[in-house]
Every structure is written in C-alpha cells, then in structure tokens.
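Heads up, the next two complexes both have subunit A, just with different partners, subunit B and then subunit C.
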Partner chain A sequence: MFGLLVNAIVAGLLLGGFYAAVSVGLALSFGMLDIANLAHPAFIILGSFIVYTLNIDFGVDPVVAGVLALPFFYVLGSAIYQIYYYSFERRGEEALRGLAFFFGILFITEVALILIFGVDYRFVTAPYIGPSLYIGNAELPLRMLVPFMVSIVMVGLLQLFLSKTFIGRAILAVSQDDLALKLMSIRPQRIKNIAFAISIATASLAGACLIIIQPVEPSIGRDYIGRVFAIVVLGGMGSFPGMLTAAMLIGVMESLTATFYGPSWSPAVAFGFLLLTLAIRPAGLMGR
Partner chain B sequence: MEVRAGETVALLGTNGNGKSTLMKCIMGMLRPQSGRIVATIEGETHDLTHLTTEEIVDRGVALVPEGRRLFPKLTVEENLFLGAFRSTARAALQRNLDYCYEIFPRLRERRSQLAGSMSGGEQQMLALARALMSAPKILLIDEPSVGLAPVLVQRTIDKIREMKEQNQLTVLMAEQNFTQAIRIADCGYVIVHGKIAFDGKSPEELNNNELIRKFYLGL
Partner chain C sequence: MPYVPTRYFCLIVALVTIAIAFASRLATNDYFFFAGYVVLQYVVMATAWNILGGYTGYVNFGTAGFFAIGAYSAVVMHKLFEPPLIASIVVGGFMAGLVGLGMGYLTLRLRGVFFAIATLALAIVLQTLVTNWDFVGGARGVYIIRPETGPFGHPYIQYLFVLMLALSAVAICIARAIEHSKLGYGLATIRDDELAAEAAGVPTLRLKLIATVLSGALMGMAGAPLPYYVTYLDPSSGFNLAFAVNSIAMPLIGGTSSWLGPLIGAVLLATIQQIATVTISSALNLLIVGVIMVAFVTIAPNGILGLFERGVRARRRPAEKEAA
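Showing the complex of A and B:
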C-alpha cells in the first residue's frame, strides 16, 4: 500500500512536469497576452510529428529534434501573431473572432496532419524509452523522467528570461497598459509578437516530450485542451511558478486517482480541485 | 509657446481647457490639427510633430501621464526597470535606480510590493521615479497633485523641484493647484479654451495677473 502510494506520487510528479511543458506556452499566450490560443495543443501535435519525422527518417534524438525545430516554430508563431493582430486585435475584435480563428487553426492543423501522416499512432525510438531508474521502491521510467527534465529546464529558462531581461519584463507588463508601455519607448505589438512566437516555440519541445511519453495520432491534442487551460487558470494568470505548481498538483491528483479509484475519475477530480481553488482564491494559486 | 532649457514652466488652467491635450500632442499620442512641435535636445533639433510616442520618448522626452498609468500588477522595482527600457537609459540603470531610491526612500522600502496596492501618494512618487528612469532631458508632468492630500501635494511639488535641479531637467508641468505650481515655476502659461490667455514671465507676474485673480482664483 505504501509502496503504491509513493509510486503514484512519483509518477504524478513526473506527469506534472510534462503537463508544465504542455502548459507553459499557454501560460505565456493566454496568461500574459490575453490571447486564448485554443490551437496550442495542435501545435504540440505538429511538434510531435516533426520530431517523429526527424527521428524516423534521419535518426535524430527526439529531444535534439525538438530543439532543432524551435526556430521554425518561433517563425510560425510570429507569422500567426501578425495575422491575428492585423485581422482582429488591431480592431479590438479579438474576443470572439480570435477564438474562432484559433479554433480554425486547430482543425486545419489536425486535418493537414491526418492527410500527411494518416490516423495511425506514431512513436519514436530513443535509448531512454523503455528502461527505468529505481530509487528505493519508487520506479522512475526514463521516458517520463527525460520529458520532466526537459520541461523543468525550459520553464526555468523562460522564467529567467521574463524576470531578468528588458523584453521579458515588458512581456509581464504588456497586457496591463499599452499607453504606459509606449511612454517607456516600448512598442506593445513588437513585445506581443516576440512573446507569442516564444509561446508557439515551446510547442516544439512539448511535442517532443509528448511523443517520448506516448504514441501520437493527429487528433490527440484535443485531450489536452481542457487540461492545459485548467492548469494555467489554476496556477494563476501570468505566473510561471503558479503554473508549475498547478501542473504538479494536477499530475499527482490524476495519478493518485488513477491508482486508487480508476483512471476514468482523474479528470473529474482534477477539475473539481480547480473549481474549489477558484472558489476560495479567484486569482488562482499564485496569480497576482 | 516656448519652454526654455533648464526652466520649470507651469501650464495653468482649469478642467477642460486643453492642458492634457497639449501634453498628449507633444508626446505624439494625439496629432495636432495645425502647428509644429519642435524640441532641441543636446544641441540637436527634432521635429516631434510626426514622430510616434515611442520615438519621442527615445529622444529624451518623458511624460508622467494623467492618472499615473503604472503597471498595477508589477512590483515597484519592475515598474522602475521598465522605465529604463530605452538604450540610453539602460546604460545608466543602476545609477538612476539608486538615485530614485535615494530621493524616494519609501519606494526602496516597497520595492517588491505591487504598484497597484500602494497609496495615491506613493503611486505618484513611483510615476515620477519611473519617468526619471528613462533618463529624460525634458520632463512633462500632467497634474501631479490630482487625488493627493494637501500635505502630499506640497511634498510632491518639492520633489519635482529637487529632481529637476539635480538632473538638469527642463520641466513642463500642467497643474490646477496654482499656489503650489508657482512655488517652483520660473514662468507659466494660462490656457483658456485651448488658447494661451496669458504668458507670465515670472511667478510674480502670474500672481498679480488680473485674469488669474478673476477667473482662476476667484478673488
């Protein structure tokens, strides 16, 4: 019983680390820019398939493939922000139309991936997929541990970027007051462009993490839409430490529920916790 | 209208006469329908009329806007760091930060507090300090006394004088509080309905002007 509990908690923390990788992009776009990027999971699946192609056709390690694809995703994110800005945000019509726009991107990406790769599950090969590390009785599967570490490094670097650089601090301020930013000689649109491009770039590494953990098919991203938004809101809009804590909590709760009551209860428990937290702390765990 | 280098010029007038509009035109936030706005900064003359706000700030003009416009969900220190975004200001960041904390010790105490949770007086201090962080040569201040208790108004005005003298600034200050404004002003303009109604070359001239006594102070 005790061993089962420890294992469930360890597995939950590892899962939470992966959830953080999936959510960090949305914590940036939705949490800091107020852009409800519904298509974020679709970009993660796109990342998974690019990593898959690099891995199967060229033998590149999945994590390295994720890093190699970063610049491509950055440019993609920048281009999408430009379209979003000129079509909606500039005219102040982003609330509903922006949502429809990202919903459209979600479907187009999904269909494009189905047309290219089909609906079969795809997976990658790497030396760390399969073996496990044991600490006492706790099992740490390397296919979970590697994404966990990738995620922590990615979130840590982004947090450093936000708190220590001028662009980073401007990203923290960009949803608060456009005019005040201009008075600091900062162009809000440029800052949002950079931030959104970074948020999409994280999908490259998150996609690598995803396909290391489990086989991927084009519409699997839908499983994550609710969860990533829940994590961002639970953590508190605009707070990376909050998002990381929320991801770990959800991971552990899902894992405990799955171990002791059955996997089908996990989403209910996780979302129940979200509702409870928001009732007590409307700003989320660490929202400002 | 002219503001000479190194002077503190008061822009006087009651609500709705165009003080803020004039400030917004200078900062490129509004486009003037006619006329030109020219600034000479360190021997170089810039036509500000068609520049964007960001470009104007980058040339060394700063505005403490109406309503302060702080970033409420950032800390005091993060607000100050953002003030130093332009490249000239980044080079002098640490020196300017130390200076701001020296003249506004309260900001040092509250450096990690969220700007939105501070009192009105503290927020006005932060707004002034943030503008100073951009290392401006010309400082525009829009109604620093709004919403402050009388004792704080006096203190704020004193701080503006101190900042101006220690940094060799040129200051244009819109203010409704006539008596406080002329304490530190070298000269002033009275605006009525968007037009300059009186050009006072000295505080005494402003003080003794009939227009001001009649329409403004109600004497």
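Showing the complex of A and C:
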C-alpha cells in the first residue's frame, strides 16, 4: 500500500513536469497576453506528428526533432498572431470571434491530421523508451524522466529569458500595461507577436515530450484542453512558478486517481480543479 | 423589414410549420425524412446556441455535451419505463437546462472566456462519465429499438421528422420573442458592455443564467430523439465534435444578430453537408465546414445577413443621393 502510494506520487510529479511543458505556452499566451488560444493542444499534437515523421523517416532522436521544429513553429505562431491581430484584436472583437477563430483552428488542425495520418496511434523509438531507474522502491521510467527534464529546462530558460533580456522584460511589461508601453513609443503588437510566436514554439518541444510518453492520435489533443487551462488558471495566469506548482499538483492528483480509482476517471480531475478554482479563487494559487 | 409583433410572428411560424408538415406528405422517399431530420436538428441547435452566443456574447463550446445529455436522458428513460418520446424530450431538456444552470452559476460571474473554456472541458468530462457508466452501455454503446410506427400510424421516421419540425418552430419563436423583450434588450447590453449594464442596474448574472438555461434546454431537447433516430448510440458518436463545430459555425456563418441568421446558416450548411456526405468523405466535409467558419469569422464577421445588409445599404445610398 505504502509502496503503491509512493510510486503514484513519484509518477504524478513526473507527469506534472510534463504538464508544465504542455501548459507553459498557454501561460505565456493566455496568462500574459490575454489571448485565449484554445488551439494550443492542437499545435502540440501537430508537434508530435512532425517529431514522429522526423523520427520514423530520418531516424532523428525525438527531443532533437522537437528542437529542429522550433523555428517552424515560431514562424507559424507569428503568422497566426498577425491574423489574430488584424482580424480581432485591433477591432476589439477578440471575445466572441477570437474564441471561435481558435476553435476553428483547433478543429481544422485535428481533421487535417486525421486526413493525413489516419486515426491510428503513432509512436516513436528512442533508447530511453523502455528502461527505468530505481531509487529505493520508487520506479522512475526514463520515458517519463526525459520529458520531465526537457520540460524543466524549457520552463527555466523561458523564465530566465523573461527576467533577464530586454525583449523578455518588454513581454512582462506588455502583460502588465500595454498603454504605458505605447507611451514609451514601443509597439505592443510587435512584442506580443514575439511572445505569441514563442508560446507556439513551445508546442514543438511539448509535442516531442508527449509522443515520448505515450502513443499519439490526432484527437487526443482535446483531452488536454481542460488540463492546460486548469493548470494556467490554477497557477495564477501569468506566473511560471505558480504554473509549475499547479502542474505538479494536477499531475499527482491524476496519478493518485488513476492508481486508486482507475485511469478512465483521470480526465475528470483537471476539470474538477478548474471549476473549483473558478468558483472559489479565480486568481489562482499564486495570483497577483 | 417592418416590425411584426411576436404574437403574429409565432402564428406565421406555426402556419409555415403546418404547411411544411403537410407538404412533406408528398415525399415518397424515406431518405427525405432522414436528411430533413438532420437539417432541422441543426436549426434547433444553431438557434439555441445563438441565444447565448449571439444575443449575449458568451461562447458555448460544449454544445455536443448538452446535446448528448438530452440523448442519454432519453436512453435512461427508455431503459427505465419506455415512455412516449415527448416525455423523454421534456426530461432531456430539463436535465440539460439543469447542467447549464450549475455550470453557469460557477463560471458566468467571471469573464466570458472562462465560461467558454469550462464548457469545452464540460463536454469532455461528461463523455468520461458516460463512458464509465455501464447502465447506458458505457464505451460499448447502446441499442434502441425504434418502433415501427408513430402514435398516428405513420412510419416512425416521419413522426421524428414532424417532432423536430415542431421543435425548430418552438426554438425560432423563443429566439424571436427574446429579441424583442426586456430580456433580449438586457442580454444585448451585456454583449455590448457588461460593466455599463451592471452599473445601469441590469441584473446581469440572472439574465445570463436565464439565457444559458434556455439555450442548454433547447439543445437537450434536440438531442433527446437522437437514440431513436440512430438506433445505436455510443459516447463517441453522441459527443461528436461535429455537433459542436456545426452548431457554432452555422450562426456565425448566417449572422448572429437575429433569429434569421442561425436559420439561414443551418439550412444552408446542413443541406450542403447532407449532399456532400453522400458524394465526398465525411472527414473532408467537416474540414470544409471548419475552413468556412474561420474564413467567415475573420473576413465577414456579421455573416451572410451582414453581407446582405451591407449590399442593401450600398444600393440604397446612391438612390438617396439622387432624391436629395
């Protein structure tokens, strides 16, 4: 019983680390820029399939493939922000139509992937998929540990970028007060464009992590919508440490639910957290 | 368009409905009823979505969830007491309205975006619940035996068609009645500026809750006859994302400002899809709907109605100049 509990918590923490990789892009776009990018999970699945293609056809390691795809996702994100800005943000219509726009993108990406790859589950091969490390009784599967480390490095680098570089600080400034930025003669939409492009770029690495952890088919992105938004809201929207804590919390809760009640119930956990947070404390755990 | 009081409007809708019902007797092919049912179902769904989405400006992405609540309520009712279908429709509407009330109470006090996210997640969680619930068939699905004939001795599919026709008429009358009522004006102020509405004394939360419950209940009612229509229902077809995409795309393409927009969008899009599913694959067909929706939202935000009104205005302007 105790061993089971310890294993469930360790697995939950590893899972939570991976959830941080999935949510960090949304913490940037939704938390800081106030762009409710519903399509974020769809971009992660797109990332998974690009990594899959690179891995199967060219034998590239999944994590390396994720890094190789970063520029492509950056350009994609930049293009989507341009459309979003000119069609919705500039007109002040982001609420209804912007949401419908992202919902449409989510749907188009999913159906397009189904048309190209079919509905079969796809997986990658890498030396670290299979073996496990053992610390005492706790099992650390490498296919969970590698995504965990990739995720922590990615979140850490982004945090450094935001707090140390000029552009990073400008992104933080936009998230706080973009009128003030205009008065400093900086165009907020240029900074927002960079930030949104980075947020989509994280989907490439998150997609690599996802396909290392589990086989992927086009429609599993939907399972992540509730999860990523729950994590970002629970984490207090823009804060990375808050998001990391929330991701770990939800990871552990899901892992405990899966161990003691069965894995088919775990999608309900994140939703429960989301509703509770919205009802009781919309500012999140570490909200401003 | 001249103003028609709601009473007369409903009378006209009732007459048109009866006329369509009798005209459908001329159809000799059962396929007409099968296809017509789907088109009418989307008329109800699109109109219901628009009560919250178009009039109030709150986006509901969980339409498939509300729809499936209705469908699965009917399955439960059928398994428990095999009641007449109309009773199942009422119960399905009630259950969906109840879920709408609960969700709305938790999330409608916040910004609209949180409501939208919560509805999207709701559909997924409801699907998890139904998949784990063996009484309604779980992941394996459930078979419902469709009776041979309806209560008036016609083939059952014709009965379903007429029921859905009546539901569409009810939905359109409700939507139109809201537009020209105190409720509708209240909802419009929420859409345009919620803070100002609150300051002016509009009971925003209560109005939003009424709109959510009405919209959810109509979706549940549209879903209740589904098990009898398909005769085999499993979670992935009941919660099909196509329902969600279509019932959002239709009002946005038709135009969200009045009852006419969802009607135009639903009839147009659903008819095209009925033809296209036969000729091309259904996945490609959905891809096209998604692309059209994104195109309309970015390029023609007021839908077909908006394009039409702009055309009329552009034509009128030179005439006015001549008169002056």
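As a working rule, the second predicted complex is superposed on the first by the 267 of 288 C-alpha atoms of A that agree within 3 Å, B and C clash if a C-alpha of one lies under 4 Å from a C-alpha of the other, contacts with A are read in each partner's own complex, and residues count from 1 in each chain.
To be clear about the criterion, contacts are C-beta pairs under 8 Å (C-beta built on N, C-alpha and C of every residue); 3 or more make two chains touch, one makes a residue touch a chain.
Values in this document were obtained by computation on a predicted structure and should not be read as measured data.
Colleague: Of the partners subunit B and subunit C, which touch A:I186 in the superposed model: first, second, both, neither?
Modeller: In the superposed model, A:I186 contacts subunit B only, not subunit C.
Colleague: Tell me which of subunit B and subunit C touches more residues of subunit A.
Modeller: Larger number of subunit A residues touched: C.
Colleague: Where does A:Q176 make contact in the superposed view: on subunit B (first), on subunit C (second), on both, or on neither?
Modeller: A:Q176 sits against subunit B, while subunit C stays out of touch.
Colleague: Between subunit B (first) and subunit C (second), which, if any, makes contact with A:I108: first, second, both or neither?
Modeller: Only subunit C is touched by A:I108; subunit B is not.
Colleague: In the superposed arrangement, which partner chain does A:G238 touch: subunit B (first), subunit C (second), both, or neither?
Modeller: A:G238 contacts subunit B only, not subunit C.
Colleague: Looking at A:F166 after the superposition, I want to know if it touches subunit B, subunit C, both of them or none. Which is it: first, second, both, neither?
Modeller: Only subunit B; A:F166 stays clear of subunit C.
Colleague: Check the residue A:V75 against both partner chains and state whether it touches subunit B (first), subunit C (second), both, or neither.
Modeller: neither
Colleague: Once the structures are superposed on A, label A:P267 by its partner contacts, choosing first (subunit B), second (subunit C), both or neither.
Modeller: Touch partner of A:P267: subunit C, not subunit B.
Colleague: Output the subunit A positions appearing in both contact lists, the one against subunit B and the one against subunit C.
Modeller: Overlap of subunit B and subunit C footprints on subunit A: empty.
Colleague: Can you list the subunit A residues touching subunit C in their complex?
Modeller: Counting only subunit A, the residues touching subunit C are 36, 38, 83, 87-88, 91, 93, 95-97, 99-101, 103-105, 107-108, 110-112, 114-115, 219, 222-223, 225-226, 229-230, 233, 264-265, 267-268, 270-271, 274-275, 278-279, 282.
Colleague: Please name which positions on subunit A make contact with subunit B in the complex.
Modeller: Subunit A residues touching subunit B: 166, 169-170, 172-173, 176-177, 179-187, 238, 288.
Colleague: Applying the document's contact rule, which stretches of subunit B touch subunit A when the two form their complex?
Modeller: On the subunit B side, the touching residues are 27, 29, 52-55, 57-58, 62-63, 65, 69-74, 78, 81-86, 90, 114, 130-131, 134.
Colleague: Would you mind writing out the residues of subunit C in touch with subunit A in their complex?
Modeller: These residues of subunit C touch subunit A: 53, 57, 59, 61, 103, 106-107, 110, 112-114, 116-118, 120-122, 124-125, 128-129, 131-132, 241, 245, 248-249, 252, 256, 283-284, 286-287, 290-291, 293-294, 297-299, 301.
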